[in-house]
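A, B, C and D are the chain letters, set down in written order, and residue numbers restart from 1 in every chain.
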Amino acid sequence: MRNVIIEKNHKIAPDIYEMILLSKELSHEGFPGKFVNLYLNDGAHLLPRPISICEVDRENHRTRLIYAVVGKGTKILSSKKEGEKLKVMGPLGNGFKIDEKIDRNLVIGGGIGTPPLLELVKQLKGDTKVYLGFRENPILVEDFEKLGAEVHIATEDGSQGHKGNVIELLEKHDVNADSIYSCGPKPMLRAVAKWSREKNIPAQLSLEERMACGIGACLVCTCKINTEDEKWEYKRVCKDGPVFLRDEVIWE
Amino acid sequence: MKKSSLEVNIAGINLKNPVMTASGTFGSGREYGEFVDLNKLGAVVVKGVSPTPWKGNPTPRVAETHGGMLNSVGLQNPGVDAFIKNDIPFLRQYDTKIIVNVVGKTIEEYCQVAERLATEDIDMLELNISCPNVKEGGVAFGTDRNKVEEVTKAVKKYAKQPLIVKLSPNVTDIAEMAKAAVEGGADALSLINTLTGMAIDIHRKRPVLANVIGGLSGPAIKPIALRMVYQVAQAVDVPIIGMGGIMTGEDAIEFMLAGATGIAVGTGNFINPMATVEIIEYMEKYLTDHNIEDINEIINGLII
Amino acid sequence: MKKSSLEVNIAGINLKNPVMTASGTFGSGREYGEFVDLNKLGAVVVKGVSPTPWKGNPTPRVAETHGGMLNSVGLQNPGVDAFIKNDIPFLRQYDTKIIVNVVGKTIEEYCQVAERLATEDIDMLELNISCPNVKEGGVAFGTDRNKVEEVTKAVKKYAKQPLIVKLSPNVTDIAEMAKAAVEGGADALSLINTLTGMAIDIHRKRPVLANVIGGLSGPAIKPIALRMVYQVAQAVDVPIIGMGGIMTGEDAIEFMLAGATGIAVGTGNFINPMATVEIIEYMEKYLTDHNIEDINEIINGLII
Amino acid sequence: MRNVIIEKNHKIAPDIYEMILLSKELSHEGFPGKFVNLYLNDGAHLLPRPISICEVDRENHRTRLIYAVVGKGTKILSSKKEGEKLKVMGPLGNGFKIDEKIDRNLVIGGGIGTPPLLELVKQLKGDTKVYLGFRENPILVEDFEKLGAEVHIATEDGSQGHKGNVIELLEKHDVNADSIYSCGPKPMLRAVAKWSREKNIPAQLSLEERMACGIGACLVCTCKINTEDEKWEYKRVCKDGPVFLRDEVIWE
């Protein structure tokens, strides 16, 4: 548990907020795909909220989070003032594994699943293509571009980039790669799994599940994972994940 | 004044303090071991252990509620053999007592686990006849006076360690269930397990939990748990381990005044991973402030 | 789209909307009338009325708990004659239904109140066999299947208005109690009354409530109440009035999806005196947002 | 229900805070002995906290409250920031009845029961003596003095004024009066009742009880009151009180 200071907490798009936390340890341990548990300090909403690490600035001890206000907890979070303290646990979980020998990386993000991919792209070696899908307002596009990545956008309403979903765009561009990294809503991940399997490209997928402890002790956040010995077992998204290999994941 | 003693004795086992972890909320201690010095705890109560591996229920398995949470894990566990192999050696590295929560679908299954554990280096068994999240066994045994007695009696034959029976709060008369367990041979009682509850996603018009109904825990249920501990303490003479919504040292002292010899922290760990050690520190302070040398003096110390 | 209809029918009585006040939390409407337009409410459920004046329990009668409160009022009321004289004429000034909560120490006393009210201008009776704060009557009737049926049957003979039976949650099997009430002749059911609970002042080592044990209400108990409403809706065919921790429109919709035709706000009034009217406004919004023309469409509308 | 602004909220003595609320209606309806219900807006602590009106400044729309931090609710209250909004219900209850024909008023306050007597003293006509008892740190003494009242202090630890309790001081000074107004802890009120009965001076006493609704609907806040017809009945401190006539109150 760390008591960290909120340096910034402000709206960057409709219902989307950026929060910058100040903590040396947090920024130094924040690897791509890991998440933090934020404690709301509210008597009605007791459970911590898991939010992915979007980016770290180790020099200035900054950890950047991007979150959507979707319910009461994230609403409370959005009302926290700059300078306030926040109880944080983490970084938690197993992030993306980066194979430095790989040449062509393909990063696929969807909606509020986009943020954790930013720190990833920063650390990837080789050539990186970024495909992002949104319902309407894209976020973080400039941030990805600043890193020198080739960024392609799809929006469902066609307000920016390709009108439709990101898989269509990948197919349209006939993209190829050596390794895929993806985070986004379940239907998108499922489509990425299918597409990447067809293309025979290995993929790492970051999953989401409702959590309580966040550290592997309570077994509420499980997902079905293929095992060698048995047919499948429930693994913990918080501790064994959130990033899993595509071929481990069983879709329901 | 010398430092107050926190030592308590439950069914012949000495605990360095009354503070334990509630089954199913602390794994086998490994994960929370990064936040809490396990050597400080009176006991670690591990998650429910069945004769063979259980997969548990589908997700979502958790729903947050006002001041509490619902879970429907359904006793996912790798089975008693894996538990013995992986978890006992890990926990034995620490200077704390090991209490194993025992689950089964039938009386025979409960007995199998107790028998398998008889020769193992653990300190107590906790018979879980109160899990609301499994179709067979669990709470089905815990809400019928005769079944409580029957399953306790059966397991008692195989148990080589003192036997705690964990009671369900989803009953009309908790004192009667407590008496039935004691008549069946329980050496101690623990209460409460979760209250059955539900939450609905009004926009999807669906239950939040895949399992529809789950078990309610956390500070929301504390007044009910405290009342039940008090009623059971009036009804039986065996030691009681009290739990249900304990978050702070103040909460823990309430349970001890109501009649608990030990207390356990469940959901509290999720909200504050340091809860157990902070409770121990508070107990020391409370005793000092109130000039009490031995924590046993406050057990059942409520003035009516 | 035309404005959605909020009208519901409970045992032959049309309510302009499903929103009521929970007995004992709203007096006879006079006090909250300063904050809420009583004409807007589906019904006002008045505090428990006994054949003769009852004094109730000693103070303190309230203890705040995490997300809830305990009360041990013990049905203080001026008796049915004073109620008829003072409260019915007051409430009849408003365009809302009047539901009278009936209490007694014996079956005869319950019947006396029903008989005395038979010729009065009220809309329904609510038989309170679930108050945990009185020694005789109250919950003693509500936790025994046979007594539930017996007292319902007896009162039904005298009742000239539709009879609601209010169930206690302090039971192993709420569906069984519901069936017993229906077999006894209940036209509708209301649930839940409070759960028994306790709080301790650790520095004085005394219970917070003079009565030691009290009834737990408020958002803390909502998951339990919701689960019980759901279980009862699966078990019987009479309309259900759901309550227990309802604070917001979202909460109210949850209860209706689980099977309630009406809902009542109790403790919620203390925390937000405008709660009832805000819930009514939310219901309208919810129906509009979801393109539903009639609130009856969502009753029991949970998809499993 | 009113949503009012907190103009000030600061410590004025150990564990004692002053809060100034801005609201025209509140200040205009705030009569001596009435109280307000403060809503904490905290998910764990739902019930409103009753706090007496200490003083009103109708011109500037100010209502002054003085409160002691004794538990979790008042702790939360003390952490509210200036400029924040606070939900308030009130003024509530029946305050002190002021008989303008009376010459010699005697006001007796104890500890945190002292604040509501300030607005009272401001409004009393005739000669007013104020006797205040405290465990240690007296509060509001200068405020009473500024109103031109004759103020006498007793402290249990003797740090200021008479060492001992306020009744001893009254007896020592052989005080007489035509009417008594008192607010303070139960043991003090009981002693005031006894002393005033012996002296045959009518007295109004402000009682305290744990509350829920605060407006008379829930019957949790009752106290035993003598009635003509019956022996006694429970009356509501919030609605029928908090101020009662001495001879109505039955002490337990």
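Here, a residue touches a chain if its C-beta (ideal position, glycine included) is under 8 Å from a C-beta of that chain, and two chains touch if they have at least 3 such contacts.
The model shown is predicted, which means the values in this text are computed figures rather than measured ones.
Asks: Could you find the chain whose CA centre sits the greatest distance from that of chain B?
Replies: Between chain B and every other chain, the largest centroid distance is to D.
Asks: Is the C-beta contact count larger for A-C or for C-D?
Replies: Contact tally favours C-D.
Asks: List the centre-to-centre spacing of chain A and chain D in whole Å, with centres computed as mean CA coordinates.
Replies: Taking the mean C-alpha position of each chain, the two centres sit 56 Å apart.
Asks: So the centre of each chain is just the mean of its C-alpha atoms; given that, what is the distance between chain B and chain C in Å?
Replies: For chain B versus chain C, the centre distance works out to 34 Å.
Asks: Counting only Cα atoms for the centres, state how far chain A is from chain C in Å.
Replies: Comparing mean C-alpha positions, chain C is 46 Å from chain A.
Asks: Could you please state the distance in Å, as a whole number, between where the Cα atoms of chain C are centred and where those of chain D are centred?
Replies: For chain C versus chain D, the centre distance works out to 36 Å.
Asks: Note the residues in chain D that touch 2 or more other chains, in rising order.
Replies: 43-45
Asks: Residue numbers in chain C touching 2 or more other chains?
Replies: Residue numbers touching two or more other chains: 63, 66-68, 219.
Asks: Drawing the touching chains as a network, do you get a line, a ring, a star, a complete graph or other?
Replies: Its topology is that of a complete graph.
Asks: For chain B, which residues are in contact with chain D within the complex?
Replies: Touch list, chain B to chain D: 66-67, 219.
Asks: Can you check the complex and tell me which residues of chain A touch chain B?
Replies: The contact residues of chain A facing chain B are 1, 39, 43-48, 73, 89, 209-223, 233-234, 239, 252.
Asks: Any idea which chain C residues touch chain D in the complex?
Replies: 24-27, 30-32, 34-35, 47, 55-56, 58-64, 66-69, 71, 73, 76, 218-219, 267, 269-274
Asks: Provide the residue numbers of chain A that touch chain D in the complex, in ascending order.
Replies: My answer: residues 42-45.
Asks: In the complex formed with chain B, which residues of chain C make contact?
Replies: 63, 65-68, 70, 143, 170-173, 195-200, 202-207, 212-213, 216, 219-224, 226-227, 230, 245, 250, 253-254, 257-258, 286, 290, 298, 301-304
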